[in-house]
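Please read through the structure below; I'll follow up with questions.
As written, the chains take the letters A, B, C and D, and residue 1 is the first residue of each chain.
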Amino acid sequence: MNPGRPGLRPRIAVCGPSECGPETARIAEEVGREIARHGAILLCGGLGGIMEAAARGARAEGGLTVGILPGSSAADANPFIDLPIVTGLSHARNLVLVRSADAVIAVEGGYGTLIEVASALKMEVPVIGLRTWEVSPLIVRAATPAEAVKLALERAR
Amino acid sequence: MNPGRPGLRPRIAVCGPSECGPETARIAEEVGREIARHGAILLCGGLGGIMEAAARGARAEGGLTVGILPGSSAADANPFIDLPIVTGLSHARNLVLVRSADAVIAVEGGYGTLIEVASALKMEVPVIGLRTWEVSPLIVRAATPAEAVKLALERAR
Amino acid sequence: MNPGRPGLRPRIAVCGPSECGPETARIAEEVGREIARHGAILLCGGLGGIMEAAARGARAEGGLTVGILPGSSAADANPFIDLPIVTGLSHARNLVLVRSADAVIAVEGGYGTLIEVASALKMEVPVIGLRTWEVSPLIVRAATPAEAVKLALERAR
Amino acid sequence: MNPGRPGLRPRIAVCGPSECGPETARIAEEVGREIARHGAILLCGGLGGIMEAAARGARAEGGLTVGILPGSSAADANPFIDLPIVTGLSHARNLVLVRSADAVIAVEGGYGTLIEVASALKMEVPVIGLRTWEVSPLIVRAATPAEAVKLALERAR
């Protein structure tokens, strides 16, 4: 875990695939809303799918949204990103995303999300899972977006 | 250059050494203040010296400050950073900092700053120089903090 | 998959934890020996445990051993590495290791190895597993070191 | 400087632009030849121009050539690279190249080479210059390829 000094707003990363169906998007959007309602900063990979849905939700609640992009252009960011971080590092940006977070919420997810989950486990960043990879007992299961964000903020301490 | 979509707040990176004297700190702080007064986001390397002075200035004017850190802990950030990005990439984070900016203002600087200036020149991110490396005619010289920020914002377009 | 041009010697990465018991070390060493016997180059993370055992085996058969290190010093490499690549990237070096390989052999492994397995799956580098993570049907199971290297070389094409 | 343990073959990086004229290519090729004649390993960025010429020279003398590539495919390597390291890190690979070397020889060069020279100065890797950037008294000037390699190997200790 990596909390930084007291007084910093919590940073919660939402990880998940860049394409998703409407039901999963609804879940990710609600995760983003809950993050913003609690005054936390949303970090994500900045692209589409889960990342865009979560950023849309956080934006709708007036939250700050950060997109840590794999490519070399800020124009890759989805329209709900306030602050693009342009890494040019391809998939290695997944590790920057995870390290920068106080806690990670993984929503479903393919192999890219598995990189993030594994990185969080390796770096001891708390992971909350919503219908995601089951590769460790350290991943805390949540049943709803509200519960996921509550668990993330508790563990972000 | 790397502007992203219209509507994003400009992101201006301030680069310079992690130790500096009071006169240089005063200049960097004023650069940070000017960035915030213009509604832009301050990016920096998140550590001490020029980075801390610029963040202190931006914070004093209510601006948003982002520290793109080389190490593996958010606790490395100086006390004026609102959003630490924790890369774990050592000096390779200098390139992430530069890529994420619409323009770079270099204030004095040693070899780390030269990595940033060279990276900006390579990636075609505009560079404004305040008493810094003179390695290219593409570096636009500024005489004062206010002029540096004005030039950076003009070129950030 | 990422074969490069015809004529290059195959590059096989061996991934696994930096600490391991003697039985696992014996397996990793035999994997290294088999890689060298087939004229392939051994890539690994350059540190101890599985990485050192594999390098020791490859070295014993006259093979070339490459250690892609997370830290900032070549002195971190185990004594059987011929060529240290010093990344300074911390765990992000795991992705450089995987990308550089024609195939990956994962031997047991913790969360660091899971980063590598997930990265290989994401980047479509073939993965052969010896008692490792079971997170995808794409991971080809091998029962012995000889079988693992045979499968890796077949898929490296 | 970053020597690693005794017994390792020296690793000399040759840095320079990906396009160059025949006279500069001749110089870079001779640098590569000299590196191989001294039993050292040639590291380079793996692409064209200076990198290709140096690798061609080292290969012609039976040396080992390593290309630390910015992109995501080993197929990007020039035909004289024995071992491609595929970083996917874009220009951040320049820092991996420099860190992995016992000494750097810069041949002419644009802004990419300046990233490498600045990185070497920052990381205290010795830099030998052949008609390159003059940004520090720490850069040791050489008049000929043979002198450049001699100086690099002396400082690599």
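Observations on the model:
Everything below uses one rule, namely that a contact is a pair of C-beta atoms (placed from the backbone, for glycine too) under 8 Å apart; a residue touches a chain by one contact, two chains touch by 3 or more.
The shown structure was predicted, so the numbers you read here are calculated from the model rather than taken from an experiment.
If you match contact pairs by residue number, over half of those in A-C turn up again in just one of C-D, A-D or B-D, and that pair is B-D. Should one ask which of A-B and B-C has more C-beta pairs in contact, the pair is A-B.
Between the CA-based centres of chain B and chain D the separation comes to 30 Å, rounded to the whole angstrom. Rounded to whole angstrom, the centroid-to-centroid distance between chain B and chain C, based on C-alpha atoms, equals 39 Å.
Here the CA centre of chain A is 26 Å from the CA centre of chain B.
Looking at chain B, residues 72, 88-92, 95-96, 123 sit in touch with two or more other chains. By the touch criterion given at the top, residues 2-5, 8-9, 11, 41, 64, 66, 68, 72-75, 77, 79, 81-89, 95-96, 99-100, 123 of chain C touch chain D in their complex. Residues of chain D that touch chain A in their complex: 72, 88-92. Residues 89-92, 95-96, 110-112, 114-115, 117-119, 121-123, 133, 135-136 of chain A are the ones touching chain C in the complex.
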